[in-house]
C-alpha cells in the first residue's frame, strides 16, 4: 500500500473518531441538566421568549432530528453561536488557537531537548549518581500537579527571589484571578506574540518583541513541559534498558562496533520507536495540561476559554473547543503513525 | 516396531501377522476412528471494519487447504512438515479447537463439525448457509412461541412453562443469529436448551391439539421441525461433551501448556472436574494414579508447574490428556521443546501408554526421526496440503514425492560417514501461504519440475529460467538498482548478469534476453508472459491431487497427468 | 594442520543470580586446531553457549569469567602486548583474559566472529541488512587502515559521538562508507544470496530465516576472522534450510581455511560438520576426541546415553535407551562434590561419589574423558544402588532453567 | 490469586532497592493520616473564622507577616506571628490548615480508590470479553477506545462534570463518635460525615476505564492462544469458565500494575478538577490550592501545604507502581537472567 492510501485509510479512521466525538458531545449535551434556552437567555427571560427560542433553535424537535441537524450544521462548518457572547464559535475558537499551539510546542521542545539526553545518560550509567538524579527528577515530574508547580515557580522565582516576571507587579492580592500572564500585553494580536516577535525581527531587526514573548512563555512552558520531560525521561530510560538486553545488541557487540554507534545508532533509534507512539497518545494529556496551565497563567489560549465556557455552561463554545482539540489529536496521531512507519521498517504502511 | 530394542518385555505382545505394526490399516472393513475430509482452515488478515469500508477483501492465509485422511483405531499417524506448513493448525482444527473454514471431520463414524465452544477467531463473514440457517432458526423460534402462545390460551394449565420456554427458545434463536454474525458465541447449553425446548413444545402442544386445533398444530409442527432441523444442522449424534471426553491433545510447549497458577494436581484433575466424573475421592485417586503412571511422585501434587523441568511438565500434560481415558490423542510436537535425552524418555512413555490405554495417536512433528520411530503411517504436509501419505516403512524407504525425498535426504544422520554423504539442498525459500504457487505448490523449489516438451534444457538451467520468471512475477527485481549498477551499459545486460546464474544455450539465451529487454522497460507483466509462453511447466498449470491408492503422492511425476497435458508429457532424466 | 589456534584451560564462568551462584562453566579444557571444525555438543544448560560467549568476551552481568585462561595464537598480538603484559604472553599465544578489555574487544570481528541461533533477533530490525554488514566491514577496514602500530592492533575502533552527530549532516562523516557497502554486496553474494545488490537494501524482516542466517554468516566473514564461532546456527531453521546453511558453512570453511567452533545440541549436525568434538555436561567437557572417538569409541556413559537417545531415521526403532533423570542443577550449593552425572549414570560406582573425576586420556592423547571408567573398567560389584539419589532428585526441576543458555 | 513466584519477586525487589521501601513507608503514613484524621486533627476542618484578633489568618512558623489595621481611627502596622494553636496556620477563611490537610488526604485517597475500583469493574470484563472473543465485540471496543482517547482525559472529565453536575456524597465517619452506621467512637468533635466528590469519582472512572479495557483486552488476546487455554478447550471447558478460571487470574498482574498507576493519575485529575472549582466539595487539596492562589504573595502557605500533600501521595503511589512493575514484569526478569 502506498503512503497516499495509508493516509487515506488513517484519515477515514480519523473521520470515524471525530464522528464518535461529535456524537458523544451531542449525547452529553442532551442528557445534561438544565434547559438550553434558559441557559442561553439567562435567568431573567420571559416564558414567551424562552418558548420562541426553543422553537427557533429546534429544541422542541425530537432528539434524532436535533442530532441530524447538529451533524448537518457541523458538516457545513457551522459550529453555531456562543450562548453567552453570541459570537460565532468558529471565530472564538480560531482566535485562541495560536496561543495554545505556541505554548504546547514550546513545552514539547523543552521536554524533548531535556528528556532524551537525560534518559540516555540515565540508562547508560545505570545505578550511578546521574541515574539516581534523573530518576528522582522524573518521579517528581510525573507526580506534581502542574497548576501547583506553576504557582510554586512564580512564588519561588518571582516573589522570593525577585526575578522579574511579567505582570507580577500588576496583580494584587485582591484580584479575582491571580493574573500573571497577559494583562500587560496589547490586545488585538494573534496568539501570544511569537509571530509578532518574528515579524519584528524581519521588519526592523529588533529582537525585543521575541524576547518579550520568550519571557512570557518560559514559565508556562516549563510548567506544562515538566510532566512530559519526566515521562519521556522514564520511557527513554526503561526503553534503552530493555533494548540493550536484546540479542541484536550482543550480535552488534560481537562485530566489534564502537560503543557510540551501538548506543545511539542502534539502541536509541529503536528505543525511540515506541516512544513516538506514546507521545502521540499523550497529546491528549498535553492538551489537558494546557487547560490548567493557561488557567494558572491567564494565557490567552483555548484552555482558558474552555474553562470560561464550562463555568457558564456555554455548550456550543465548549463543543467547538473540544471538537477542535479532538481534531488536533487525530491529526497529530496520523502524523505520528506516518512517522512510525518511517522509523520502523517492520511496520509497512499496511 | 521390530524387536531390536531391549525394553520389549514390558510391552504388549506383538500380535501375529504384524511385523511392523504399520499395516493395521490392512484390516479391510475396519472403519476409521477419525476420518478427515477436505479439512480447510484459512486465517484472514485485513478484516476490520475499516477494511470493509475500503472494500478490500480480506487476505486469506491458507494454513490448511483441503486435507483428507483416516486414522484407524490403535495406530499412530504421523503428520510431518516444515514450520508453517499447517500441521499444527490441522491438528487443532481437527479437534475443533479452531473453527474449520470448510471440510468435515467424523469421529467414530459421527460427524463432529459445529460443536460449540471452539476458540472463536475473527474470520470473515460466516458462510451464507450459516447465516440463513440462523435466521431460519430465529423465525422458527418466533413461530413456535406463537404456536405456544395459542396453546396457552387453550389450555391454561401450563402458561408459565410455555411462556418461559418459548421465550428461552426465541433467545436462543437470536443468540444463534448473533453467533453467525460473530457478535458472540453460544455455549453448548444453547444447543441443549433449544433441543429441550423443541421436545417440550411438541409434548405440550400435543395434548391440546383437540382443544386448540390449528394453533396447537402449528406449535407441534414447528417444534418437530425445529428438532429435526437442529439435528440436521449440527449433524451431531455424538454430543460435544462426549467428543471432548474421548479426545485429548498434548501441546508442544510444556511451559505454556500448564496454567502457572494451578497446582499440578489441579491441572490433572481439571478434565475430571469439567466432566464431573466420579466422586471427589475417586478423582483424587485417579490423579494420583496418573501422576505416578507418567513417572512423577504423587507427593508433588501440590506443587506449581514452575517447579518442574520441561520433561516433567510434558509428563504432567500427558497425564492430563489421559485423565478421561480418551480414545484419540493429538500429540502436537510433544518433544520438540525437549532435550534429546528427555525426548527419548517421553517417546518411550508415549509408546507404553499407547499399548496400555489402547490409544490412537495423531503425532504432529517436524522431526522425521521421531516420526519414523513411532508412527505406523505418515502424511507429509507442504504449504497446507498433504503431498504424500503412506505406511511409514514404505514412505521412508521409497519416498515418491520429490519433497519427501528432499526432506529425508536433508536430515543429518548422527553417524560416521555423514560428512561424505551427498545431499541435495534446495536453494529457494518456502513461498508465502498468503499467495501459494499455482499448480503444484512445491514446484518453485522442486528439483524435478517437469519442463515443457522438447525444451532442451538441463534441470538446473530450466530451474534458473523459472526462478527468474518467478522473481519477475513477484516484482522482486529492482530496476532502480539495476539502472544504477548498469552505469553506461545496457540495463538488460546488467539484469542478465545479475539474475542469471547459469549459462544457457544460445537460442534460450537470446529468448531470455528478449524478455529482459522488455523488463528493462519496466513491463514486468509482459516480460513474465514472454517467458511463460515458452517455459511454462505442467506442474504450474495443474494442481496434482493425492490419489486414493495405498501410498499416494500428489505429484505429476506419479499420478495421472491431466488430460490436456497427456501428450506433452516429457521424459525426465 | 595440527597447529593449535585456541587453548582454553581451566575456564570457569559463574552467574550470580537471585537464586544463588550458578556454575555455568566449570574448569573447562579444550583446544582447537587451525582449520578444523570443532564441535561442542550438549543439552540445554550444559554451558556450551556460555563457553562461546566467553571466547568472544560477551558475558555480561550477572555473569563473570572467574577463572582460567583462553589462549589465542596470534604472533602480531603477542608482539604488541609483550611489553605491557608479559604475563599474558606464552610464545605466540596470548591469554585473552590477562590483556586489557580494549585489546580484547579489538579482536572481535577480525580474530573471532560469531553467528547466533536466532537470525531474526540478532539483526537490528530497523536498519537494512546491507548497512549492518557494511558496519562489520567498516570496523575491520578502519582497524587495518591505520599504520600497523601497536596501538592499532590492541585498540578497538574509535568513533566519537560528535562524528555521529556530524554525520547526520555530512555524509562524508558517516561510519559506513561506499566501499563498505560494496563489500557487503560481495559478501552476500559469497553466501549465495540471489541478487545481492538489491537484497542489501532490504530490512531483516524482508528476509526469510534461512536467508537471514546466511546474511549473518556474511556479516561474520566481514573481518576474515581466524575463528568463526557458530552458536546453534541451524536450530531455529527447518531441515531443508538447515541443510543449505550447513552446506554454505562447509564450502566457506574449505575455501577460506578458517577455523569453526560449532555449537549445537544436534548430533546429526556434529556428524556432518565436525573433525573433532567436545561433549559438554553440567558446565564441563566430559569427553572429547575425534568424530570416531565420540561416535564409535566413546567412554563416558553420558556420550553413550546421548547417542542412544536419538531415534534413527534409517530404521524403525523399538525402544530408545534414554538417559534417566533430568538435567542437573547448576546452582553452586546444590552441585555437591561428586561426578555431576553420577545421579543419571547407569554405570555409577562408589568412587563416582568421592569427587569430580579428573580428565584422563583414553587411547590416543586426543581422546579424553572425565570419567572413572577411562581408568577402570565398570565393576558391577561397586555399582550404586538404584535409589541412591532418589531423595535428591525430587523437586530440583527448575535447575536447568536457571542457566538455560539457549 | 497471587502466585508464590510473584510474591517472591515482590519480596526480592523490595529487599534490593530503596525506592519501594520509601514508597511503602510514605503511603502507609498517608493512609494512616487519612484514616485517623479525626483523631489527629486539632480543629474541625470545616469550621471557619480562626483569625488573628487583627483580622488576618494565622501563619505557620516562619511565615510571619505584617498587615495594616485601623486601630482607634489610626492606621497602623501589626505583625502577625505563628501560634501553637494552629500548627500550620489558617487559610483565607480562617480554617485550620493542618486539619484540612489531614482530611484532604482522605478525599484524595478515597476518590483514587473508588475511582479505580469502578474503572476496574467497567473496564476489565469488557476488555477480557473483547480480547477473548475477538470479532465484532473487539472491533467495537477498539473504536470506542479510539474515541475516548481523542478526548484529553481532563477535558472529558470537565465535560462529564457538566453532565453529572457536582454532587458530593457524604460518607459517615466511623472514627467519630455519633457516626451513623458504625461508631468506633475514637474521636469526637469532628464532622460525623465527610463529603467526597461523588460525581468526580464516577467521572474519573469513566475517563480511565478504557485503559483497563485496553490492557485486559491485550492480555486476553494473548492468553487465548496460550496452550493451557487450548487444553482447557480440548477437555470441554466452556468459554465462560475459561475466562474465569484461566484468563482472568493470569491477567491479574498487569492489571494490578495499571491500577496502581491509575490511582496516581486519578488523584491528579481530582486535584485538577477541584482546583478549577468543579469538584463540588471544598474539602480537597486541589480546592485549597486554588483558594490560596489569590494570596500567593502574602499567604503562600495556604497553597503550599496541600500541594506538598498531593505530590507526596502521588509519588508514593507511583513508587508502589514502579515496584510492582519491576517485580512482576517478566521481560525485566528475562533480561536479568539471560546468559
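Just so it is clear, A, B, C and D label the chains in written order, and each chain counts residues from 1 on its own.
Just so it is clear, a residue touches a chain if its C-beta (ideal position, glycine included) is under 8 Å from a C-beta of that chain, and two chains touch if they have at least 3 such contacts.
Since the model is a prediction, treat every value here as computed from it, not as a measurement.
Asker: Mean of the CA atoms for each chain, then the mean for all of them together: which chain is nearest?
Answerer: B
Asker: Would you mind telling me which chain pair, B-C or B-D, is linked by more contacting C-beta pairs?
Answerer: Greater number of contacting C-beta pairs: B-C.
Asker: When the centre of a chain is set as the mean of its C-alpha atoms, what distance in Å lies between chain B and chain D?
Answerer: Between these chains, centre-to-centre, one finds 51 Å.
Asker: Which whole number of Å gives the spacing of the CA centres of chain B and chain C?
Answerer: That gives a centre separation of 38 Å.
Asker: How big is the gap, in whole Å, between where the Cα atoms of chain A centre and where those of chain D centre?
Answerer: Whole-Å distance between the two chain centres: 24.
Asker: Residues touching two or more other chains, restricted to chain D: which are they?
Answerer: Answer for chain D, listing residues that touch two or more other chains: 143.
Asker: Can you list the chain B residues in contact with two or more other chains?
Answerer: 306 - these are the residues of chain B that touch more than one other chain.
Asker: For chain C, write out the residues touching at least two other chains, lowest number first.
Answerer: 53
Asker: Flag every residue of chain B that touches chain D in the complex, lowest number first.
Answerer: So the residues of chain B touching chain D come out as 48-49, 92, 95, 97, 117-122, 181-185, 187-189, 240-241, 243-245, 247-249, 251-253, 256-261, 270-271, 274-275, 304, 306, 317, 320, 323-324.
Asker: If we count contacts the way the header does, which residues on chain D are in touch with chain B in the complex?
Answerer: Within the complex, chain D contacts chain B at residues 1, 3-5, 133-139, 143, 224, 226-241, 245-246, 249-250.
Asker: Tell me, which parts of chain D touch chain A in their complex?
Answerer: Those in contact with chain A are residues 19, 143-144, 146-147, 149-155, 158-163, 165, 264, 268, 271-272, 275-278, 286, 289, 293-298, 300, 303-304, 307, 310-311, 314-315, 318-319, 331-332, 334-335, 338.
Asker: Under the definition above, what is the set of chain A residues touching chain D in their complex?
Answerer: That would be residues 13, 16-18, 20-21, 24-25, 28, 31-33, 135, 139-140, 142-145, 147-148, 151-152, 154-155, 159, 173-178, 241-242, 245, 281, 284-289, 291-292, 295-296, 306-307, 310-311, 313, 315, 318, 322, 325-326, 329-330 of chain A.
Asker: Which chain C residues qualify as touching chain B in the complex?
Answerer: The touching residues are 43-44, 192, 194-195, 197-198, 201, 208, 210-211, 238-244, 246-247, 265-273, 291-292, 295-296, 305-324, 326-327, 394-395, 397-401.
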